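Heads up, the next two complexes both have subunit A, just with different partners, subunit B and then subunit C.
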Partner chain A sequence: MEKRTFCKTFFKNKPAVIGLFGVLLIALSGILAPFIVPYPTGYGTEILEPPSAEHWFGTDGLGLDVFAQVVWGARTSLYVSLMAVLVAAVIGIPAGLLSGYKKGIIGSAIDAVIDIFLTLPVLPLMIVIAAIVGSSINNVAIVIGLFSWPSLARVTRNSTMKISEMQFIEAARCLGIPSRKILFKHILLNIVGPVLVNLTLVMATAVLSESSLSFLGLGDPTTWSWGTILKKAWDAGAVIDTPNPWWWWFFTSFSIMVYVICFNLLGNGINDALNPKTRE
Partner chain B sequence: MGEKILEVRDLTKYFEVSNGLFRKKKYVHAVEKVSFDVYKSETLGIVGESGSGKSTLGRVLLKLIKQTSGKVFYNGQDIMQLNSKEFGKIRRELQMVFQDPYASLNPRIKIGDSIAEPLIANCISTNYAEAKKKVYELLDLVGLQPESYERYPYEFSGGQRQRISIARALVLEPKILVCDEAVSALDVSVQAQILNLFNSLKKKLDLTYLFISHDLSVVKHISDRIMVMYLGEIMELATTDQIFSKTYHPYTEALISAIPDPAERGRKKRIILEGDITSPIDPPPGCRFSGRCFKTMEICKYQHPELIEVEPGHFVRCHLYSERKGDC
Partner chain C sequence: MLDAIYIQKERGTAKVLKYMVRRGLKGLLTIFVSITITFFIIRLMPADPVSLLVDPKMGPEVQEAMMKQFGLDKPLIEQYFIFIKEVMTGNLGVSFKTRQPVIEVIMQRLPWTLLLLTVTVSFSLLIGIPLGMLAAKKRNQFFDKLISTLVVIGISMFIPFLSFGLLYIFAYLLKLFPTGGAYTPPPAEGFAYYLDVARHVVLPAFTLVISNVATIILYTRNGMIDVLKEDYIRTAYSKGWDDKYVIRTHALKNALIPTITVTGLMIGTMVGGAVMTETVYSWPGIGRLIYDSVSALDYPVLQGAFLVLAIAVVVMNILTDLAVAWLDPRIKLGG
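Here is the complex of A and B:
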């Protein structure tokens, strides 16, 4: 029943398939970047060329190929969001499981911490912390992860609370299965769906945060990321200049948008396919 | 009767109901000062309608819920005082079969692994190969094919799932098995199969059962002794023969009259109890059954009756049989 109906419903859902396709496209271009275009570095001779057969997305103020920047930027964005998701998962999932399963002080305390983190103004704090710890890709990723775990923990907690009431959890306790195993095997196996959906959403927001930080100059200036491209375009005045070299900033912004939308579509698709009510 | 394996003394469980921070706290009296003995190799049936506290009693006995007060001696040792680590070794001897076969098995775990897991967790088997052998023996014992090992719960019917649950409960070789409404979610024909399985397992493995059910006809079929509960209290406790040959308590009378009997259809007089079970939240002082009793007297409304032994081994909680009967 499980896997086959899941795939069937998922692939019947057109937006979900589009999302999956977009995610795969971005992931492949990020992973295979070295085989697609050379790393954009140094200076070019053709400055501010509009899109052409040679330069698909045109060239920037230094004469570098924008397409190459976007492809290599995808690599960075993918890396940062994966790292951020990893950090968020490592903190958020255990926190959510514990707070949902343990009643009493431990559960309420973790829940309070989650609540506090959810009310924090995330972006200003990220800016401050990123400025303090310095701009390297890993630092940025970890900072984003540290601020993304509460929503994941909340989703995990709510699903855990529902599963904890099931008889098979009581049965497991009765049979002397240790709490650690109940949490990370018996409960986690049953909440994979909502957790997975939330992880894709964290992927989407992580790339937005990364772009924001890089745009503000808090990213890693030595690597290409979508935020860095936008920052360079902004610094060169490309966004407000007339005549406007629109290709410089448009394709990058468009990539960010596609990335976020595709991950959201994928998440919704997984959610719908897992939910028996939306299955036909 | 054999030796006592379980002695329950004044076991009480209240659940706190809080409606708001500053309101007075209220308590659901789920189980109130319950005392009884369980003898080795017997089947003690526990009956009562929903809300009578019978399931809570079963869970408190196995320490799945913490008791409010009271003692439970298992082979002379008070298990309510043990912490979870000390109880760990005893836990395997007290196991439970749950009510809903659709909810008591983890849907994402193969049933073979579900049964094998407790063996590893309790350090009875050191590796899965050893555990697997044991699981095959158990599957055979409860009447399932060995191929079932690799299947998931959704591939089985309700009756088969209950067999799996029983196999899982038996894997730790328990001495006492608490069956909480273990057949009430099943069809009548399947109920009979599972009840027969319980009976044959009892003989093979020398088990002691605490058989919790709302269905007196099921309990009658399987039990040596029957305990009738109402709103957290024992109303009547006697051997099955005693309770059916000479019923004392009006509540038990009403329950017995509700058992369908095809031979006497239409001729039997049924006692219909009015209304619903009284709210267990801070119950009134008198007899808990007085609100619905068809033999209620003045004294029942203000004085709480005690559990008294009217015949050897036959306990009743009712003013009709108390010595103070003449007073009113």
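Here is the complex of A and C:
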């Protein structure tokens, strides 16, 4: 696929551009968090203030600025989802490549493992494992990654199977190029598209998982994450009790939604730009 | 022509039987692997369940006797083989926390999960299939684009966000529905009880419908679009039949195949996947049970819950395959 056609189709697709813009915005606010707002810590004097010019998203039960928490939460979410994607990629891509390229026992064995992992109950198992390994953001990220690789491996495998039957791979094999080089150079370069699409989707689900785990109290209590903010708000009765500081949970959960939607839009956009036919 | 159909039917029964046997074996294997993995993962939990079981005031002899009673004094591998043997005979052990048989604990929770699941799946299908079909019919028009946007939002839904929003509006502001639980204790009698449960199920079910209906819409829409391209649909149109008739008698059955597959998957995972919803709404189902058992280090109950989840996924996969093969005879039942 030519780069220029790809960019042209991608940037013509409005939702995809919105997604890209949103992803960049969130990434920037996460990376630049220390330059945007000070780290929310300790106690504030203005408790449960509604949104104002001073506190854009209001303040929480300890008087801390919710906007600051959301920005620093973006940092955690971004870090966790990147780490999770990295773990998923390190396991999933080689597993998918191998099982798609090698026929026989190795291929079908890996495929069977992928199958079993796909039928495991993901969230309940994540809860158990997160409880085992203890709550640090790295642990949470690794747990999420360990359960995200099967879908990536499946996509990689399916694309690899298609490519390995092409003649240039046959030719490479005849030339005596080692399998490792064929896999990571000739095949991987040709399936970057579908793999990339799946990676953005993994980013989206990773942040959902991270927020879910920390909402259930299995996240890192020492860092701000969107799930932790929601847990604090929920435990304080900010949703159903009176008085009702709706801003405490609304802006946080809204950020989670925006983050996930943007990654999904970006993934769809890349997918559509790679296969222009599906759109028409 | 007729002969061919008869032969196919006869072969079909044998085929289905053979398929069922092979699929059943594969299902058992999946369940076995799944409970083996969960057994060892659960036993990795660092905290000591004995400290929960045993009162520190008890003497060491009593403590040892209790460990023996629960089989915790044996090496891990032996515990595993005992566990597998007991599962085969239908014995899931006794809860560490309540000392109730695990099967009883699960049977108390399962009906609630199934109730929530039935309501959710019925409404998702009732809303999702017509919307998906309409979107396919109005392809690339405004309605279709609107639906596509809603689908992306639905797929990206974060359950607590949705739950908080619904609770805020319907429970806090409007006071229409209760904030959690499955009934108001003490449970009322007769009709009043059912009405009470119905009021409690609305918000959790609504939450799950919104996050699941998007998938149904998407698969129905894409399935319909694919089928409408087929030759036999063009043939049907060329016979002069109207839209409604062609869609209802020719297209719908085949178009719904992807929808049915994804619904089967959804049901299989929702037995345990509703952890978040059940936790927010304090719904006494299997998902909530898993969450509670993790905090209580209740190994036997966790183990039992994971067994139920594995069975649910495998059974739903087999049922889905059978349903799809029945709907579309061109699809062969394979391994």
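The rule is short, and it goes like this: the second predicted complex is superposed on the first by the 274 of 280 C-alpha atoms of A that agree within 3 Å, B and C clash if a C-alpha of one lies under 4 Å from a C-alpha of the other, contacts with A are read in each partner's own complex, and residues count from 1 in each chain.
In this text, a residue touches a chain if its C-beta (ideal position, glycine included) is under 8 Å from a C-beta of that chain, and two chains touch if they have at least 3 such contacts.
Fair warning: this is a prediction, and the values are worked out from it, not measured in the lab.
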Combined model on subunit A: subunit C and subunit B, fit or clash: fit
Subunit B, subunit C and vertex subunit A (Cα centres) - angle in steps of 10°: 90
Which superposed partner A:Ser211 touches (first subunit B, second subunit C, both, neither): second
First (subunit B), second (subunit C), both or neither touched by A:His186: first
Per-residue touch tally on subunit A - higher for subunit B or for subunit C: C
Which of subunit B and subunit C A:Thr222 touches, first, second, both or neither: neither
Subunit B versus subunit C as contact partner of A:Thr45, first or second or both or neither: neither
Partner chain in contact with A:Ile256 - subunit B first, subunit C second, else both or neither: second
First (subunit B), second (subunit C), both or neither touched by A:Arg173: first
Shortest span in Å between Cα atoms of subunit B and of subunit C, once chain A is used as the common reference: 8
Residues of subunit A that lie at the interface with subunit B and also at the interface with subunit C: none
Residues on subunit A engaged by subunit B in the complex (per definition of touch): 1-2, 166-168, 170-178, 181, 185-186, 189-190
Subunit C contact footprint on subunit A (complex, rising order): 15, 116, 119-125, 127-129, 131-132, 134, 204, 208, 211-212, 215-216, 230, 234, 239-240, 242, 244, 246, 249-250, 253-254, 256-257, 260-261, 264-265, 268
Interfacial residue positions of subunit B with respect to subunit A in the complex: 59, 62, 64, 88, 91-92, 95-96, 98-100, 103-109, 117-118, 121-122, 152, 154, 165, 168-169, 171-172
List of subunit C residues in touch with subunit A within their complex: 30, 33-34, 37-38, 41-42, 44-46, 149, 152-153, 155-161, 164-165, 167-168, 171-172, 179, 269, 272-273, 275-276, 279-280, 287, 290-291, 294-295, 302, 305-306, 309-310, 313-314, 317
